[in-house]
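Below, subunit A partners subunit B and then partners subunit C, in two separate complexes.
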Partner chain A sequence: MSTSVIDALQNDCAGSAGADIRDLLPLRGAHILITGGTGFVGTWVAQMVAYLNDCHQFGIKLTLLSPHASEFSSRAPHLACRADVRLFDGDVRNLADLPQESEWVIHAAGSPDSRIHFSNPVRTMETIVSGTQAVLNAASRLTPLQRILSLSSGLVYGPQRWEDAPLSEKVFSGFDCANPAGLYAESKRAAEMVAAAYRSQFGLPVLSARLFAFIGPFQLLDRPWAINNFLRDALRGGPIRVQGNGETVRSYMYGSDLAYWLLRLLVSGKIGAAYNVGSPVGISLKDLAVKIAECFPRRPSIDLNTLPAAGIPRTQWLPDITMARTDCDLRVQTNLDQAITRTVAWHTRQ
Partner chain B sequence: MTNLLASDLDHILDRTHDLWNEIGGQRIFITGGTGFFGCWLLESLIAAGDRWHLGTSAVVLTRSPEAFRDREPRLAAHPGIQLLAGDVRTFAFPGGEFQYVVHAATEASVKQAVEAPLEMFTTIVEGTRRVLEFAHQHGARKFLLTSSGAVYGRQPSEITHLAEEYAGGPNPADPTSVYGEGKRSAELLCALYAKLYGIECKIARCFAFVGPHLPLDSHFAIGNFIGDAMRGGPVRVNGDGTPRRSYLYAADLAIWLWTILFQGENCRPYNVGSERDVDIAELANQVVRTLNPGLRVEIAREPVPGRLPERYVPSTKRAQAELGLRENIDLSEAIARTARWHKQRAISGSV
Partner chain C sequence: MRKVLISDPTLRDGNHAVQHKLNLAQVAAYARAADNAGIPIVEVGHGNGLAASSLQVGLSAVSDRDMLTTARENLLQSKLSIHVMPGFATIKRDLSLAIDIGVDVVRVACHCSEADITQRHIAYVRERGKQVFGVLMMTHMLTKEQLAEESLKMESYGAEAIMLMDSAGALLPTDVAERVRTLVQALHIPVGFHAHNNLGMAVANSITALESGAAILDGTARGFGAGAGNTQLEVLVAVLNKMGYETGIDLYKMLDAADLAERELMPSIPTIKSISIVSGLAGVFSGFAKHVDRVSLQFHVDPRDVFFELGRRRVVAGQEDLIIEVASAMASRQAKPLEVVR
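Showing the complex of A and B:
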């Protein structure tokens, strides 16, 4: 990875963290552990830690635990080679102990890729639920433990109808739990439940973050989500293929904003709470495709309705982020245009 | 030995006689067989087997066969019932084929939800997984999960009767949601096993019940009221008496559960309960009117004026329309029968 690419990532982190990083001071000199640490989330948190260490002398020691630890070197070689980032090969499902010096834990294990889920659904559920239990169990034995942030999903609310307001943490909606399609969402609900039980029964200082949709460098383009596919199509010269009529509304938070939010929630979120993490600014998939196309000098064309969407009701998926703003003064720093431009630039320079 | 439930069992058999043929000569595996649901399922299964010479037997998983023998010696001694000691999460699979599996292990204790939520949650989720795995490995065709109306989360006050289509859920970040959230996961596991292995999974979302075998000293308001009344009152209502509840009589419950197991549609949840709701204050008064009209009802707090009542009341249109199920026994009759059973049981020992 070239110096300019790495500098751009550092700048992204500086923009998301802002000039005043006092709120993160409790992490100075700390040991942070991320389970499932080599995915999009873990990589961005590592990038943010690199920024804090390099530009603000935080001296954080970061451990990334993952069964795919070796893949990290190819995904983010500039992070893998750092002395303050340690890779730790391990699977949360058969976890005996966490590194004993871990003080702050982000539990990010559990792939959101639905293609993997349905190939072995019972095992998927077990990985998410028992994996969370194993991590919390091991974390409860850590002497220096400060806090645990367990990553959940905005899918726990069930489908958001077109007429619904953005999803707030105070809305306890759901979905039909007797339907296998709810596998991932229900498993995430169960994992949150396990966290709540550990907090209540053993006083474990754990809170949850419900993640929505994201964009940014390090995202793998072969994943089954619209934005990944649009970028892949555009980078290949197009056309950008939009399934359905493109009226579905989503929102995307940039990777460095996500990383900053997670570290802030880890430090100052309320124990026991579950915070929405994502952008509240919605965009239709059609408009998203146009925005991506506009980033390219030779604009790729856009094909609508590559898969029929007849009879499928128009949907949206937008978080209400009032709680993160009220409790931790968190805001979206990188707007969607910036996010798309930077992401395209990163992929082009790769 | 006379069976104190003889007339209730006749009531059940009269309304289920078409169902039983398919289990002639079969072995049924039942978890939670020693609880309230389990006792009614076993009582009615044995009664049907004896009346129609079905040659059906049940293997009943229980943590403590001794406790079950002490409490229900007649059931425990019946040749059609075999007790298997074990925890639902870890039990060793008994050999042989079981085409029917009933997973009725319910940890509905409020005390456990508060003191040991993790154990309650894992017992429900890992227990259901283990029983499904057993069912899969031992040739089960039909599987019944006794789920709960708690899967919907808090019922909105403006909805008087909650239907299966209601897509709500409990708050998973609240530790007191473990029971409802656990049952949601259990339902999902059923849906997965049904899809993967072709087991027909029948889901009964159970609300509130009254009848013989219901403990009078637990957290169930109706049991406590009957207990208060039998001890000579006063009947004490904790709270302001405004929450609305409904109670299906246990004999009707047994009819509903067997019907759902045999005839319910795969992975189509059915609410099980009563649509005839009362508020808790009225329930206390009804208990007094039925059992001893002279008793006093004490309500702990005044209701807050204008506040909408909290509700836990199902719509059972689906079970009625699709399975022809009915509420046959009304609330005052249910209260009277429950009290009579407890009185006779106290006199005759534990038979």
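Showing the complex of A and C:
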């Protein structure tokens, strides 16, 4: 990875963290552990830690636990080779202990990839529910433990209808619990309840973050989400193919904003609370495709309505982030235009 | 006016009816006629799809490469489609080549309970920027809920539509309606239907699928396809016109294409023979008919009994070897027992 690419990532982190990083001072000299640490979330948190250490001398030690730890050096070589980052091969389903020096834990294990959920629902559930229990068990034996931030999903609320307001943390509609289509969301709900049980019975200092949709460097373009597919289509020269009429609405938060929010929630979120993490600014998939296309000098064409669709309702998925703003003064720092431009630039330079 | 997307596998499913012996002149002639008629998607290949030419299911008269190249040269407006079963076609050797030749639509197919095996093929087609449908075959063998689960897997892998195939021609309109409705409700992508005519239901089932929310229908000229054949495309187009659906197909030119297909491709027009009725009732893939006839003759057993036994064993395409086992066992049972010498 070239110096200019690494510098751009550091600048992204600086922009998301802002000039005043006093709110993160409790992490100075600390040891942070991230389970599932080599995915999109873990990589961006590692990037933010690298920024804090390099530019603000935080001296954080970071351990990334993952069943794919060995692949991290090809995914993010500039982070894998750092002295302040330690990789640890392991699967949360079989976890006995965590590194004893861990003080702050971000539990991010459990892939959001729906292909895995549908193909291997049992393993998905085991990783999320049993994995969470294993992590909390192990964390409860950590002497220096400060806090645990357990990552959940904005899907726990159930489907959001077109006419619904942005999803706040207290509005649930739910799934048909006999239908595997709801398995990931139900598993995340169950994992939140596991966390609540450990907090209630053992006083474990745990809180949750419910993640929505994201964009940024380190995102794998073969993943089954619209924005990944649009980027892949555009990078290949187009056309960008949009299924249906493109009226579906999503919102996207940039990776460095996500990393900053998670570290802030880890430090300052209320124990026992669950916070939405995502951008509240919705965009239709049609407009998203246009924005992506505009980033390329030879603008790829956009194919809408590639197939006739009968009776497919338009949907939206948008978080209400009032709680994160009120409790922790968190705001989206990187707007979607910037996020798309930076992401395209990163993929182009890769 | 509601649109319906028509896909025409005459040059693929029809290959079953002639033991995969369609030649390049026939492919070129029908492709030109279909293109001229404005048929949106034309599917080409061995009856069992890309790279399926084999001793087990039948050798093609021409290679995939030649067949697809010929079709590509003659399809100016229509999209060129292929049927791909992961058990036959590999990504590197076969699928990559087909896309290089100019295939626009890849329909990745599997037995209705095996959607897991389609993930890599579907992902590869998406990576190459082509349209990809998931195809569930033999859909009479699963409940509507099970079909929805398998379809959801394909949707999650990146399929842009799901085709339900009534490969055995075993479904009745009520079966079709409940399956299609369930999928339309469960999925965020269009649903399509591919019928076989064993019980004379192909056109009715196709219309039922449409009225239940399907957006894509398959049909072949004169119904040219495995067993009793498929939905007769020119009839389907005429009925859809009468019902006020928009297909984008010129009816007269469609009728011309069907006449050409009858003249140039078919030794005989598919009819619902007795064996096809039994195949439909037994729920066995229509493509088995010629094999069952041949093997039954060899073992002097009633092919209808063979079909019902195959149905009891729930055989699927690719298990053609079992025909011999079943016929042989029946022949043994029918053989006169040896007289006991006292």
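In this section, the second predicted complex is superposed on the first by the 347 of 350 C-alpha atoms of A that agree within 3 Å, B and C clash if a C-alpha of one lies under 4 Å from a C-alpha of the other, contacts with A are read in each partner's own complex, and residues count from 1 in each chain.
Methods note: a residue touches a chain if its C-beta (ideal position, glycine included) is under 8 Å from a C-beta of that chain, and two chains touch if they have at least 3 such contacts.
All values reported here derive from a predicted model rather than from experimental measurement.
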Legend entry - Clash or fit (per the criteria above) of subunit B with subunit C on subunit A: fit
Inset, instruction - Name the contact category of A:Gln243: first (subunit B only), second (subunit C only), both, or neither. - result: second
Inset, instruction - Examine A:Pro99 and indicate which partner it touches, taking first as subunit B and second as subunit C; both and neither are also allowed. - result: neither
Legend entry - Vertex subunit A, arms to subunit B and subunit C (CA centres, degrees, nearest 10): 70
Inset, instruction - Based on the superposed arrangement, let me know which partner A:Pro67 touches: subunit B (first), subunit C (second), both, or neither? - result: neither
Legend entry - Which superposed partner A:Phe175 touches (first subunit B, second subunit C, both, neither): first
Inset, instruction - Name the contact category of A:Gly15: first (subunit B only), second (subunit C only), both, or neither. - result: neither
Inset, instruction - Pick one for A:Gly282: touches subunit B only (first), subunit C only (second), both, or neither. - result: neither
Legend entry - Partner chain in contact with A:Pro26 - subunit B first, subunit C second, else both or neither: neither
Legend entry - First, second, both or neither for A:Arg115, with subunit B first and subunit C second: second
Legend entry - subunit A residues touched by each partner, larger count belonging to subunit B or subunit C: B
Legend entry - Partner chain(s) touched by A:Gln201 [first = subunit B, second = subunit C, both, neither]: first
Inset, instruction - State the minimum pairwise Cα distance, in Å, between subunit B and subunit C in the overlaid complexes. - result: 6
Inset, instruction - Determine where on subunit A the residues touched by subunit B overlap those touched by subunit C, and list them. - result: 180
Inset, instruction - Spell out the part of subunit B that touches subunit A in their complex, as residue ranges. - result: 114-118, 120-122, 125, 129, 151-154, 167-175, 177-178, 181-182, 184-185, 187-193, 195-196, 203, 267-269
Inset, instruction - Would you tell me which residues of subunit A are touching subunit B in their complex? - result: 121-122, 125-126, 129, 133, 156, 158-159, 169, 172-180, 182-183, 186-187, 189-190, 192-202, 208, 272-274
Legend entry - Footprint of subunit C on subunit A - complex, ascending: 114-115, 117-119, 180-181, 222, 224, 229, 232-233, 236, 239, 241, 243-244, 306-312, 315
Inset, instruction - Please name which positions on subunit C make contact with subunit A in the complex. - result: 2-5, 116, 119, 123, 126-127, 129, 131, 149, 152-153, 156-158, 160-161, 184, 186-191, 213-216
